[in-house]
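Each of the next two complexes has subunit A plus one other chain: subunit B in the first, subunit C in the second.
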Partner chain A sequence: MNAHVPAGTRRGGHVVRILTIAAHAFTQLARMKVFHFLALFAVVAIASNFLNLPQHEGPESAGAAVLRSIKSWSLGAMTLFSVVIAVAATALLIPKDIEDRTLYTILAKPVPRIDYLAGRLLGVLLLLFVSLLAMDLLMTAVLQVRTAIVLGEQRDMAAALGWPPDAVESLLAETRAAGPGWPLQGAVAAVFVRAAVMASIALLISTFSTSTLFTTVVGLLVYFIGHFQADARDFWLQGGEAGEGAAARLASLALALVLPDFQLFNVIDAVIEGSVVPLATLGRLVLAGGYYVVLFTLASWFIFAEKEI
Partner chain B sequence: MSEPVPAVEIRHLVKDFHTSFRRRPLRAVDDLSLTIRAGEVYGLIGPNGSGKSTTMKALLGLVAPTSGSCRIFGKDSLKVDSRDEVGFLPENPYFHKHLTGVETLRFYGRLCGLRGRALDDRVVELLDLVGLTDAGGRRLAGYSKGMLQRIGLAQALVQEPRLVILDEPTAGVDPVGSRGIRDLILALRDRGITVFLCSHLLEQVQEVCDHVGILCGGRIVREGRLDDLISIEDQTEIVIRRAGADLVERITALVGESPGASIVRSGRPRTTLERLFLETTTGKEGGA
Partner chain C sequence: MAAGLLAAGALRMTWEIPLTRLLRGQELLPPRLDTGTRERIGQTSSAVALGGLRTLVATFLNLRAHTRFTEQRWGELALLFDTITDLAPRTRYYWETGSWHQAYNAASHHLNDSKLPPLRRREAWRSSIRAGRAFLERGIRNNPDDWRLHAALGFLLTDPNKVPAFGDADDCFAAAADAYRRAAEQPDALGYVRRSMLYALARIDDRQDEALALARALHAEGARNHTPTLLCLLLVLESRADPRLDTGRRAIELFGGERRAYDALCNHWRRTRERFPVDGVAAALRSIEARLGIPESESILKSPPPAPFDPDQAFGN
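Then we have the complex of A and B:
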């Protein structure tokens, strides 16, 4: 007997289904006015920099400090916002689909459960990407304007004090380096990778959690614990030096393998201080983030595949 | 010649649920077997908690059987490809309220592999079929319960499935909408589409179903062709239009002369409240 094939229908591949579900999740979150909150938060965080200009300092020392302050505030706001959105949005989607029974109608179509999970996660990542892009553009614009102001003030100061040209140029170069540039974009990429890891953790928790609140609280707890992951790994690598038994070392190893090392993201602080993060370091960061996202997504699938809905 | 593949084949299905409050698992479905041939309208009826929804979920692969098997057109229902040709309308569906009717159908259509012009045409066709053409651009948050049920029916039909599973399709729908859904089920049957219906509304099941299974305590207690199940073997019904008193008297006398025969009931047959409602509110005859 030949299979019935409705006109115009072709069995969609995994990619098409995942993209369809991702676009749907993105639309759902966008229509929940997530972007309104983001824009407000970004504007408040970045506008606050205008209120904190250190008027008492001379322009030669104030210039870089002002720019560092803007980067610190902006990247801090991005980190907070992206982590909260990553956890809360992911925690919301699957329980809501179960509660509203929309999951029945989706999984009653020829949709593998891994496609559903991957699509939901991708939708959140898309939201984070767009949010961070908007914040990045705003931060870069503010920095650009402020850098130009600082450079002008420094030129005026140097002219008034009669600084030699090479000293003036050195000061201006230092200020420009503290302004917008590629290292800053690398730091924003790191913020995105960290948020992506958090979203995948929230996805895993939401596959067995019974409420959005539980998922959010446990997700943020994992984020907190993740900052001690490196200490756990070091403890294991040092072995006997710590004076503990094999069981303790194994526990430390297990913790290090399954919990992301969020200290890797300290490169963001380095960028704020004006350091240039090597591309290789950024690449390793992206790879490590990718490893955790894939690990947690597969673990989510392992649980969700057996889940009775 | 081999038998055609049944649309639905459930064999010795058992489903236990483990709850934290009970030591013994709760058995929702107990050794249930049934077969639905392609093109039939099959009604599964039973009291609350009798296992109807669990049976449907097992058939759709939403829950895994504790033992036994479910097959759709010969494919194991735990496999994703068994759902290629299935449309499902859950009881009291709550679709994504942020989407419009058109967006909802496009979303489900894409999940089923529909694209481009074929998808656009299908969405227009389905909105027309369920009478939501004018409401297609509105978000579902503004839909009434009946409209939600109709958009749910449309999404179930989006990929032109050969099997449609309907869980309480007229729950919360007014009599006009309910009649529309009934007519749609009959239209699906005329097109050769198999319908597996689960409902509390026995009158509705009686109107549309060819076969019926009665579920109680997770077990099928009666099953068969509807006509066979509900006809009273030793009685015959004759309905006569414009019968005068003398004709009724003669028939009564004739029956009295026949050994063993007796008149059980006579009088004017009544219309149904549903038919009266439809004639009053829509001006159309409610149908048979």
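Then we have the complex of A and C:
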């Protein structure tokens, strides 16, 4: 039947199929009550605002340190949740489809296996996007409220101490910069891209894995080892200078060639510390993440295409 | 497929390396965690930190540091701040706080802790202050554009209770003036930094000409800089440059009134702990007291000013 369909429509058919499978995956994951973790995040974000944890700051800072603390806790929780969801949700999908026999129903139709994989991955990415959006909104709201409180306290403190206007303005500007803003969105984008790469790796593992547990454990291991990829690469590039053995150098090369460089996405720490990721740099990070996602999805397809189901 | 993955890996090295360099150049990637730091924070925290959550681990350690502070475990506190700043080297708060704990809190504890013999207390006091300074200087090397860290160093080096720990007072004030100068060079520095630079320069014996030039420049900038300390120092420096100056008349001119001049100069006369020069101040006070009709028996010059901080006396040597 496809032979009678014009080529342009067939290409459109790919997109429609991928979107349909993605929507199905998203619904399937939502029904698994994945979003319940958002309640936990809400507790973390709100608790980081209202718990008066001991700080060493003097009265002149009037609670400004808590803003860094909220960002640190919130972005940390977003990173952990997004990585765990990316790995666990992707690891669940193929085994669940086999268990429900959905996979046979889908592949019995003229659905290319790459469409199936891309659709499932897109569904997970959609889930990650919606989850991060919700967490981002909550973090921004909490920060907004707390920043307003801190600014008010600082104005009162400066008035009581008779600070000159330039000193007051400098303090308030610093506090505003520590509050919610676009630089923070750069960090959230980096969290999303890293989670997307993790989802594509979990997809690759799940194509040859024997169980969900195996995929999850190996996926999380890859996540941590991926943070050493840059070290392995440097070890290879500088190899021989300290008399390292050939086997060690080859192992480091293999690590550097196969695993993604997750350290690239550690710009989150710099944003929490007050740096701003330039838009061009953020664009390059997104492109880097895109390269990894495409690469690991294609690798998944090569394995899945040969798999007997 | 394995060959394809390896080929793609080799291809991505061509942009991974420049991207890493770019991010490091823009100071968006923190320096690598050294082995010592990894050992200090333990395996779990190390894994979390390597997973891109270094600031989160630093936040937790900061809470732990607060406990060490309340328990007065200064050695462990210093080590904790070393670790915290390894994890979050661009957060000024940690550098300021770590230095403050060592140079002020630990030093005060050693000054008053009677459990140690005097010589050991004195050595612990001295080394705490020096460690606080070294910590702050390390913070400055990590954040050379942060004017507040430079200003914090200047503040520490001009603290009358800390200066004796650094040895030569002139060297100490010169280092403070240099710290304030570097702070003032930053575009977002507040105006008080240049005044603080003057206050440090004025206390160095062989840089009084430089101090006078700066005092005149600051005074000419307007009322914002006409603080009592600056006006007193301008008078003192002018008096030193021209010993024949009628300091009483000049003080009234600078302060805009006899009473204001008298109150400010009395205060300056008694700030001996801070080691400010007092050239011409006694003459000015005598002259203004005569104008105000203050009897000689009630003269400020009759009551001895407080002695500067002396570690020998404080530690009972």
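Here are some notes:
Rule of thumb we're sticking to: the second predicted complex is superposed on the first by the 269 of 309 C-alpha atoms of A that agree within 3 Å, B and C clash if a C-alpha of one lies under 4 Å from a C-alpha of the other, contacts with A are read in each partner's own complex, and residues count from 1 in each chain.
Note that in this section a contact is a pair of C-beta atoms (placed from the backbone, for glycine too) under 8 Å apart; a residue touches a chain by one contact, two chains touch by 3 or more.
Computed from a predicted structure; not experimentally measured.
Using the contact criterion defined above for the overlaid structures, shared-chain residue A:17 touches subunit B, although it does not reach subunit C.
When the two complexes are superposed, the chain touching more residues of subunit A, out of subunit B and subunit C, is C.
Contacts of A:109 after superposition: subunit B is touched, whereas subunit C is not reached. Judged by the touch definition given at the top, the superposed model places A:137 against neither subunit B nor subunit C. In the superposed model, A:303 lies in contact with subunit C only, and not with subunit B. In the superposed model, A:31 lies in contact with subunit B only, and not with subunit C. In the overlay built on the shared chain, the residue A:248 is in contact with neither subunit B nor subunit C. Applying the stated contact rule after C-alpha superposition, one finds that A:258 touches subunit C and leaves subunit B untouched. Residue overlap on subunit A between the subunit B contacts of one complex and the subunit C contacts of the other is empty. Residues 53-57, 61, 65, 68-69, 72-73, 75-76, 79-80, 83, 164, 166-167, 170, 194, 223-224, 227-228, 230-231, 233, 237, 254, 256-258, 261-270, 272-275, 277-278, 281, 284-285, 288, 291-292, 295, 298-299, 302-303 of subunit A touch subunit C in their complex.
Against subunit A, the residues of subunit B that register as touching in their complex are 4-5, 17, 57, 60-64, 80-81, 83-90, 92-96, 98-99, 103, 107-108, 110-119, 121-122, 152, 155-156, 159-162, 165.
Of all the residues in subunit A, the ones that touch subunit B in their complex are 1, 3-4, 6-12, 16-17, 20-21, 24, 27-28, 31-32, 100-102, 104-112, 306, 308-309. Listing the residues of subunit C that touch subunit A in their complex gives 1, 4-6, 8-10, 12-13, 15-17, 19-20, 22-23, 26-30, 32, 47, 50-56, 58-59, 62-63, 65-67, 69, 88, 90-91, 93, 97, 100-101, 188, 190-192, 224.
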